[in-house]
Amino acid sequence: MPHSLSPVEFRVPPVCAVALETRAADLATRSLKKQAKLQGLRLAIAMMDLTTLEGMDSPGKVRQLCQKAMRPLPQRSDVPSCAAVCVYPDLVETAVEALRGSTVQVASVATGFPAGRTDRATKLREVQLAVAAGATEIDMVIDRGAFLSGRYGKVYDEICAVKEACGAAHLKVILETGELKTYDNIRRACRIALLAGGDFLKTSTGKVTPASTLPVVLLMLEAARDHYLETGRIVGVKAAGGIRTSKDALRYLVLVNETCGDLWMTPQWFRFGASSLLNDVLLQLEKDRTGRYQRPVDFSAD
Amino acid sequence: MAKNGEKQQATGTPELVFGGVWKYDPAPESTEHFTIAPRYELFVGGEWKAPKTGKYFATIDPATEKPLSEVALAGDKDVDAAVKAAQKAFPAWSKLSGEDRGRYLFRIARILLERAREFACLETLDNGKPIKETRDVDVPLAAQHFFYHAGWADKLDLLFPGQTPEPLGVIGQVIPWNFPLLMAAWKIAPALAAGNCVVLKPAETSPLTALRLCEVFQQAGLPAGVVNIITGDGKTGAALVRHPGLAKVAFTGSTEVGKEIQRAVAGRGIELTLELGGKAAHLVFEDAAIDQAVEGVVRGIFFNQGHVCCAGSRLLVQESVHDLFVQKLQRRMARIRVGNPMDKNTDMGAIHSAAQLARIRELVAAGVEGGANLHQSACELPKKGFWFPPSLFTEVAMSHRIAREEVFGPVLAVLTFRTPEEAVEKANNTSYGLSAGIWTDKGARILWLAERMKAGVVWNNTYNRFDAASPFGGYKESGFGREGGRQGLRAYVRLAGGLLPG
Amino acid sequence: MAKDPAPISFIQDVARGRVSSARLRRRHRCGTVSAMPVPVPKTYKLFVGGKFPRSESGRSFQPTSNPAINVARGSRKDLRDAVVAARAGLAVWSGSAAYLRGQILYRLAEMLESRRDAMQRELQLGGLSAPLAKRELDTAISLTIWYAGLCDKVQSLLGSQNAVQGPFFNFSMVEPTGVVGVIAPDSPSLVGVLALTLPLLAGGNSAVVLVSESAPFAGLALGEVCASSDVPAGAINVLSGLRSELAPQFASHRDLDGLLVAGAPDAALTQSAADNCKRVRFCYLSAADWSKVERLRSLTWVEPFVELKTLWHPVAQ
């Protein structure tokens, strides 16, 4: 485990909010036609962490979700499977069982998701259990209380500890950008997560509004890009929460494509955390295949 | 695909890779919704009139070099007829109530927005600038200028309390090719709001949107002769500014021509406003929001292919971040999509004309010869048309031509500074004074610097922003007078007891 | 050629401005002034950078209103020196708080008031009768006070905050144009200088003034008043000389940012001034207008020689 860093190492360049938002809005005007659109939509599916994180989740629902993740449109072989299914720790086993033999990964939220308001030992124990149950990806939440009170070292140490507990599992660090509020905070949180060894920067739990936004993801992509150029280590980015339409997904992909480039244009290094997005993408793909506008009722809910 | 990253690591210095995975299909804006007439006459006295010269000249699409249409070449007699038409319209127009003048302007603004797509497409075809910009900047801003000034027409008494503002008479206006529609709006709207009549000459190489604007005037029912638009070349412009019937000349264009016009109107006691060239300094401090500063610099110099009088063409970077900043800038420049201006994903379109391309090439060659280091984006340029890649010079000396002369193209000269004082000194070391940009996170320093910039517009942590409510115009040899805002109207009214213009 | 000392009554008369220039000349010429100390006539020198140099050319001229007096005849190089001084003065003057500039101009009015007798004498040397000289002085003081009070209002009157689209704070502020050349009218010799120069000073500019050719005395004496009014060196520079010789030099000087000329628009001057896009204005008033103080107080006279600078600043957390 790396030693604790001093606050000076968490220093980051300031972020000019208006200019950042301007750039994100500019990229959002990209017009994607024909092949580019189809390819983008398929890639979006392949990058999707199909997610269910509700108190009322049941093994049955998770199994259905896994089916959907493996074969989003059973009648169409050219539609790829999703990247992962993302569940609470107690449903990891169910998901692992359901996905056996597929390429779809099992991701588990952990560390007192979504608020993270519990002691470190409990958080680490939760991570260990999820990994033991077969999760290959862990989505942790950072300690926003510590972050917002300026105890950056504590945030850093905790990510390091969770990373260690993950073992071989990939660690996604949820910054919960909706609670960090400012871009400067988000940029600093990125820095902390990058230095602490996180494998992914993830925007949100999906439980806080605003969740993922284009400027926030642009900022995280820039942080990941700069970290790669500095250290040679690629860290992924996951946009989660609030992404519901194909148009949204394509806009995020444009950000990736024009900020970080080809290295990130893969499910390994860019993900969407979403639940309702998949059906809208499928609807668009069918529309493009058939030339007819589709209706939601023709696509399975889970 | 995981191998991608590892491969990079294995070869040493990490570098980004672009364009191999996801290519955008062409996304051209369609043009089926409007037509371009094969020939345009002069718009004089509310009617289309053939030029007395009997001559026409072609206007081309700079992206393809294909002719779009031909327009009339106005000679001295046509200029005279246009001024007379404006003089004839003036008594009634100037006596119309401010409210009614405003209503015409409001209608023009509305119709312009109704026909926004047609204007955007036509502007892109005739000018070469990307459809993204005409759609999001040129046309909406042009409409805003009419809307903004419409509201002033019946409020001039509030603008000059205790005084009686009078219209001047017939205004001769000559505009450049870089923002053909927007410049026409900047010139016509305040003139009309204040009760003046106008004879406007669009640039020789980009006349089509101004001519189409005449259709809007007709649709809006603007009285005949209030605005007259005459196309032609430099001689037409010269004849216009020399016409004795004018009460004011408003010119946007090069400093060289601006000075000629100042000489031409000398001693006639008529008003003159000049909006001329620039060589703006764009300052980046080490504490700046660096990625956004890169965006600002890109917007500053590559917006409209750098055909912008206020382009941030001299980048002054604090020495401590020079290397990092230039690296980031070069990576970002490689992402600029150069190509078909009608494609909605194009960031940078065609150079406007063969002449302008030659001028850019000449100055870039001078830069290379002077020992500066040229970096150009490796983009594929179309075979036909006029094109120049996004370009950047490092190792530039203040004495280099590329650091002193207006290139009016996508060419950035990078210089360094160490202290704020040095930055100010270098920024102001030019005969121009139109605009400046400042990127620093420190509020007090922004104002300290902004106070010291000898420039009419200072963009702090942003660049190339425009608004009808924001006065625009330069210091020193970038001209005099302002356009836009409360102060822009001042140049279109006469107040009793003022000093006489030169 | 020895002269008799003048009687005290005559000196007093001179001081009170009761002696016509013709009589004064006669006295001097005939050497009949006796029974009093030898008078100490003033040398009329330029006022440049807070100092009183002679013309570098060593030349002088005899103004038509009073040919007995030699006045420094400024040259092209004197103008050059004055512009250098004015450039330095601009930094200090425009860098001072507007409130301070107002106080300094008010001090100028105070000094005019306290030197009434001397100033009146200078006006009379320029050919005015005592009542007319007094009237001109009244106008001069009134005008100075009006502009003194204007200094710290210019920004509010001509600047603005602008309601632009998007998350931006946008405002326009006024700044001086820079160093402005003034060709003052031949008459009135004092008010002419002040009426053209005070609007420039109120806007924060520094000035190089060419005073009346036929009656340069009061204009040159204004330099002395400035020197005792905390006006920073170089903010106002006063030259005397031949208008026909110097006006074209003003117009062509590339380091003058503006030119304000008394008289009808002059094409040749503007054409020459266009070389560096000088802001050029002409002040063409009738004799009657020149005597009306309310005609000479105007914000519109400030406007042509200030520049508007518009600042954009993003608004965000």
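Letters A, B and C mark the chains as written, and numbering starts fresh at 1 in each.
As a working rule, a residue touches a chain if its C-beta (ideal position, glycine included) is under 8 Å from a C-beta of that chain, and two chains touch if they have at least 3 such contacts.
None of the values given here were measured: they were computed from a predicted structure.
J.: If you average the CA coordinates per chain, which chain's centre is most distant from that of subunit C?
T.: It is A.
J.: Can you pull out the chain pair that has more C-beta pairs in contact than any other?
T.: Top-ranked chain pair by contacting C-beta pairs: B-C.
J.: Just curious, how far off is subunit B from subunit A if you go by their C-alpha centres, in Å?
T.: Inter-chain centre distance comes to 43 Å.
J.: In whole angstrom, how far does the Cα centroid of subunit A sit from the Cα centroid of subunit C?
T.: 73
J.: Where the centres are mean C-alpha positions, what is the separation of subunit B from subunit C, in Å?
T.: Each chain reduced to its C-alpha mean, subunit B and subunit C end up 40 Å apart.
J.: Specify, in ascending order, the residues of subunit C that touch 2 or more different other chains.
T.: In subunit C, residues 166, 168, 314 touch at least two other chains, as defined above.
J.: Would you pick out the residues of subunit B that each touch at least 2 other chains?
T.: Within subunit B, the residues that touch at least two other chains are 461-462.
J.: Give me the residues of subunit A that touch two or more other chains.
T.: As it turns out, subunit A has residues touching two or more other chains at 16, 18-19.
J.: Any idea which subunit A residues touch subunit B in the complex?
T.: Contacts found on subunit A: 13-16, 18-20, 22-23, 29-37, 39-40, 43, 222, 225, 228-229, 231-234, 253, 257-258, 260-263, 265-269.
J.: Touching subunit C in the complex: which residues of subunit B?
T.: Subunit B residues touching subunit C: 144, 255, 258-260, 262-263, 266-269, 274, 276, 431, 446, 450, 453, 455-462, 465, 467, 469-473, 475-480, 482, 485-487, 490, 495, 497-502.
J.: Where on subunit C is subunit A touching in the complex?
T.: So the residues of subunit C in touch with subunit A come to 166-168, 314-317.
J.: For subunit B, which residues count as touching subunit A in their complex?
T.: It comes out as residues 1-2, 4-5, 8-9, 14-27, 132, 136, 287-293, 295-296, 335, 344-345, 439, 441, 461-462.
J.: Give every residue of subunit C touching subunit B within the complex, in rising order.
T.: 158, 160, 162-166, 168, 170, 172, 257, 259-260, 264-271, 273-277, 279-284, 295, 298, 300-301, 303-304, 307-314
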